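Accompanying notes for the structure given below.
All chains are identified by letter, namely A, B, C and D, in their written order; residue positions are counted from 1 within each chain.
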Amino acid sequence: MWLYASCFLEFNIPVATPFLLMLRPRSGSHQWVAREQYFLAPSVSVVEFTDPFGNLCQRLVAPPGRFSVHTAFDIESPGASDEAPGAPFVEVQYLPDETLPYLHPSRYCESDRCTRLASSIVVGEAAGYDQCAAIVEYIRNTIQYTPGAGQQLISACEVNELSSGVCRDLAHLGIACCRALSIPARLVVGYLETLDPMDLHAWFEAYVGNRWYTFDPTQSSLDGARLAIAYGRDAADVAVYTQFGDPVELLGMHVTVERRSGPPD
Amino acid sequence: MWLYASCFLEFNIPVATPFLLMLRPRSGSHQWVAREQYFLAPSVSVVEFTDPFGNLCQRLVAPPGRFSVHTAFDIESPGASDEAPGAPFVEVQYLPDETLPYLHPSRYCESDRCTRLASSIVVGEAAGYDQCAAIVEYIRNTIQYTPGAGQQLISACEVNELSSGVCRDLAHLGIACCRALSIPARLVVGYLETLDPMDLHAWFEAYVGNRWYTFDPTQSSLDGARLAIAYGRDAADVAVYTQFGDPVELLGMHVTVERRSGPPD
Amino acid sequence: MWLYASCFLEFNIPVATPFLLMLRPRSGSHQWVAREQYFLAPSVSVVEFTDPFGNLCQRLVAPPGRFSVHTAFDIESPGASDEAPGAPFVEVQYLPDETLPYLHPSRYCESDRCTRLASSIVVGEAAGYDQCAAIVEYIRNTIQYTPGAGQQLISACEVNELSSGVCRDLAHLGIACCRALSIPARLVVGYLETLDPMDLHAWFEAYVGNRWYTFDPTQSSLDGARLAIAYGRDAADVAVYTQFGDPVELLGMHVTVERRSGPPD
Amino acid sequence: MWLYASCFLEFNIPVATPFLLMLRPRSGSHQWVAREQYFLAPSVSVVEFTDPFGNLCQRLVAPPGRFSVHTAFDIESPGASDEAPGAPFVEVQYLPDETLPYLHPSRYCESDRCTRLASSIVVGEAAGYDQCAAIVEYIRNTIQYTPGAGQQLISACEVNELSSGVCRDLAHLGIACCRALSIPARLVVGYLETLDPMDLHAWFEAYVGNRWYTFDPTQSSLDGARLAIAYGRDAADVAVYTQFGDPVELLGMHVTVERRSGPPD
C-alpha cells in the first residue's frame, strides 16, 4: 500500500534556539521510503546523527523569527499490522541482545511499579501475545482516550490514576505493563492512515513469538497503514522535536496522511 | 595508583532464574584493568554482550540452590578525580552526539520536573562546572546521606521530597538538576577506595568544558581512586544485577577495595 | 549551494538476483538532503540497514526481466571543498577511534606494499596535509586519468604499474600512500558537480589537522559541490551496487548533477 | 572444558612507538573468560576501544627500551568445535546484516579473483557447509602448511600460487573461496589447545545453516578447545599487534595453552 504523509511545524523563535528533531523515518523491513522531503525555512545548517536506538536525528539552531519545518514522505507499507494470538513469551535468556534495553523501566514507563497491575490484568492468559492483548483491552476499557488533550507528559502510573490520556499516554501504560511481565516493549511515533482527527500518532510494540508486534490501545483494530518515524523506550527518547533554552512558541502543526493508488512518479 | 577491588554476591535461588549482570569494568581512558576474575559457582554458561551505553553485560540462568558470583580486579586509576571550577557550559549544538542521550529525562531522573529547583540552586553561578558544583553543594546541605538504607528505588523528585537517600539517590538528584540546565549527566556505578562503610558506590558525571567530570554528593572531596563498572542514564540502565521472574534471596554481598603499592605480579 | 543529482540504473535480470545497493546519501555535517526519491521498477520489498561504516544499505531481490533503480536528490553542500596546507599530521595515539580502521591496508589499497613509494613521494614535505597534497600531485603527474575505462577493479599497486585508471583507481592509490605514512584515508563515492563527462565519482579523504579533508587526484582543483553517497576503506566496501549469483546485464546508467538557484519548493 | 592460555611478547623499542594491540578476548556464546591478566612492563597508560567488528583494542605508546606485554586467561570453552555436514547455504537476502561485511573481498582475501578456483573445488557439493568442507579439503591437499615460516603477509591468490603458507595464509585462502561462493567468511585469531608447535593460531569461520561454523585447514579435525581473541575480514583487521613508525625489534614471543581439570580458584 502506498501512502503520502506530511508534517508541517511552525515556530516563533525569540532568540536563537537549539533544536533536536526526529522527523526522518528510515526504510526498514516494514516500510520503504520512496520519496521524502525535509525543508527548513529559513534554511539553516543541520547535522544528522544516529541515536542509540537507531533513529536518525537532526540538530540545528533555529534563528530568531518565524521558523518552519516541513517534511513529507511517499512510502510503501502494509495496509494492516500483523496479529498473532497465541504467540509465545520469549524467556529472557533467549531474547536478542538488542531487545534487552526495552525490558527496563524508563522515564514515563515505571514498569517497576506496575507489577501488581500487570499481573492482575493478565490472570488466566497464556504468556506472550495474549497477555499483551489483555493489557491493550484493559486500557481500552479503563482509560479514556482524549486526543489533543494534555501537552504535559505524564507517566504510566499517572495515566492509570487519571484514567485519561492521549495516544502516547495509553502506549506508555501498555509498555509499562508488558515490561512488568518481562516482555520487551517500546514506543513508536509515526503516522497512522486511519487516525481521526489526523495528527502524529504513538503506539507500542512488544516482543513476543520472536519478533516485534504492533499494539495500539487507541484503535479498535490494527487496520490502516502505519509509517514509523522513531522508536525508543518512551517519549523521553522519541520527542519529534526537543528545544533547548527558553520556551519557543509553536504557531502551528499540520499533519496529513493520504492513501495513494500506486508508487509516486 | 593501583587498586584491588572485589565484589562477592551470594543468592538462594528457588527455581532456575535468568540474571542480567553488569560486573565487568572496561579499560578506558581513566582506568586500566590489569587483572580480573569473574567466577560463578556453580559454573553456568554465560553470554556477554555490549549494551547501547557501551557496558559489558552478562546473561545467564542461575540454577536452583546456592549461587554465587565473585568478581575481583587489579586496576590502575588516578588517586583523585579532576576538578575544573570555571569549566564552561557546552551549548547543545556543540555537544558530541554520544552525550545527547544523557540530556533527556529518565526513569529516576525526571529532569523535566526539576527546572525550577535547578534554576533556584544555581542563581548567580557561571554556566557549566560551577552550576554542577552548586548542585552538589545543595545536595550535601539538604539531603541526608543514609548509606545502607532503602532498597526501594526512588526518583530524584522523591529524593528531594524525602531529603534522604543512598548514594544512588543523591546522584539521581544531581543528574536531574544538571539535565534540567541542559548539561548532559550520567550515572556511574563502581568502587571508591575511600568509601566508608565499604560497598559498591554510585556517583555521577557531567559534561562541561568538553569532557566528563566526576561529581560525588556523598563525599566531601574527590580524593580517592575510583573504578567505574558501568555507565547509564540512571539506575534503570545500570543495575549491577537484574533478576527476572519470582524474587530470589540475596544471602550476602561483600565488597572490598584496597590500595596496592604497585602492579600485580 | 543547492544541487540536484540523480542516478538511473537499468538491468536485465535473467533469474531472481539478490542486490546490495548503496545509493542513499546521509545528511551530515557537510551536506543536507532536503529531498530524495528512491524508485524501484518494478516495486519490490527492500530492507535497509546501516553498515559498520555508517552507510545506509538497501537489500532486495530483483525479479526476472527489466529492473530499474532511480534515485534523485536535492541537497545543499558547499561550493568547494576546504584546503588546509600545513595542517599537521595527527600522531596515531591521538587519532579518534573511528579513524583507526582507515589506517589498515584493504583489498584495493595495499598500503603495506606502498611504504617505499609513499616515502619517496613526500621527501621534504611537512608531515600531514602537505604529504597528502604531494601524493595527489604525484598521481596527477604520473597516472593517466581515463574516465569510463576499466570495469575491472584493480588495486593501488596495479594502478601504479599500469599508470592509468579511473577515478576510483586514482583514489585507491592516494589512499594506499597516505596509509603507508600512518595517515587515515578513506574512499568516498558520490557526485561532483563539475565532473566531465558526468558520471558517479570517487575521491578520497585523509585525516590530518584533526578532521577529514577532501582530495581528488582527477581534478585540478577542489572547486565544485560534492554529494557523498558512501564512505569505506575502498571500493570493496562501497560498491554502489553489488549483485550476487550469475552476472546480470547493466543495460544503462545515467547520472545528472545540476546546480540550482535555491532550495527546492 | 577449562583452559589456561598465555601470550608473552617482548620488544626492543628504539624510540617511543605507538602500538595497537588486540590481545583481550571477549566472553561470548562459545567462551567464558573467568580470569584474565594483561600486564605491561613498564606500565604505561592505555586506552581501550571497540573496533567495528566488536573486538576490544588497546592503544598505547611504548617507551624506549625493553617493553613487554603479558596476557593470560582462564577460560571455559567446548572441547571441540561443531561440525554440520549438510548445513544449507543461506541466500544473501536472508543473511543477518552483521554477516554482510564478510561477503566482500578484503586485503588478503581477494574473493573477486577466486570465483573460478572456488567453483572448480566445489563441483558436485551441496551448497553450504559441504562446499566449505570441500574447500578445506582442497587446501589440506594442495597447500603445504609450514608453521613458523613467512612473516611477510601474502594474499589468498599468492598462497594458492606458492602452495605453501602459515595458518593465517591457509585461512585466507579458505575465506576467499567461501566468499567467492557468496558464503560469509571471517578470520579468527586465537589459541588452539592442540596446536603443535604451540603458537598463536588463526582459522576461519563460515556462515551456513544460520550460524557461524569453525573451519581449520591446518588441522585434521576440529578437536581441541579454542579461545578466540579477535575476529575480522582478514589479517589486516586482526593483527595481534600493529606498531606505527620505524620498525621495532620483537625480541621474543611465548605462547602456552594448558588444559585444566576445573575452574580456577
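Operating definition for what follows: contacts are C-beta pairs under 8 Å (C-beta built on N, C-alpha and C of every residue); 3 or more make two chains touch, one makes a residue touch a chain.
Quick caveat, the model's predicted, so the values are computed rather than measured.
> Just to be sure I understand the contacts, which chains border both chain B and chain A?
none
> Quick one: point me to the chain whose Cα centre is farthest from that of chain B.
C
> Taking the mean of the C-alpha atoms as each chain's centre, how many Å separate chain B from chain D?
The separation of the two C-alpha centroids amounts to 36 Å.
> Find the geometric centre of each of chain C and chain D from their Cα atoms only, then give the gap between the two centres in Å, rounded to an integer.
Each chain's C-alpha centroid was found; their separation is 30 Å.
> How many Å are there between the centre of chain A and the centre of chain D, using C-alpha atoms for each centre?
A distance of 43 Å separates the two centres.
> Give the residues of chain A touching no fewer than two other chains, as numbers and ranges.
Expected reply: no residues.
> Testing understanding: with touching defined as stated, what is the shape of the graph linking the protein chains, line, ring, star, complete or other?
Graph shape, chains as nodes and touching pairs as edges: a ring.
> Tell me, which pairs of chains are in touch?
All chain pairs meeting the touch criterion are A-B, A-C, B-D, C-D.
> State the interface residues of chain C toward chain A in the complex, per the touch definition above.
Residue positions touching the partner: 24, 26-29, 32-41, 43, 45-48, 50, 54, 56, 58, 74, 76, 263-264.
> Could you list, by residue number, the parts of chain C that touch chain D in their complex?
18, 20, 49, 51-53, 57, 59-61, 91-93, 97, 100-101, 103-107, 109-110, 112, 153, 182, 236-237, 242, 244-245
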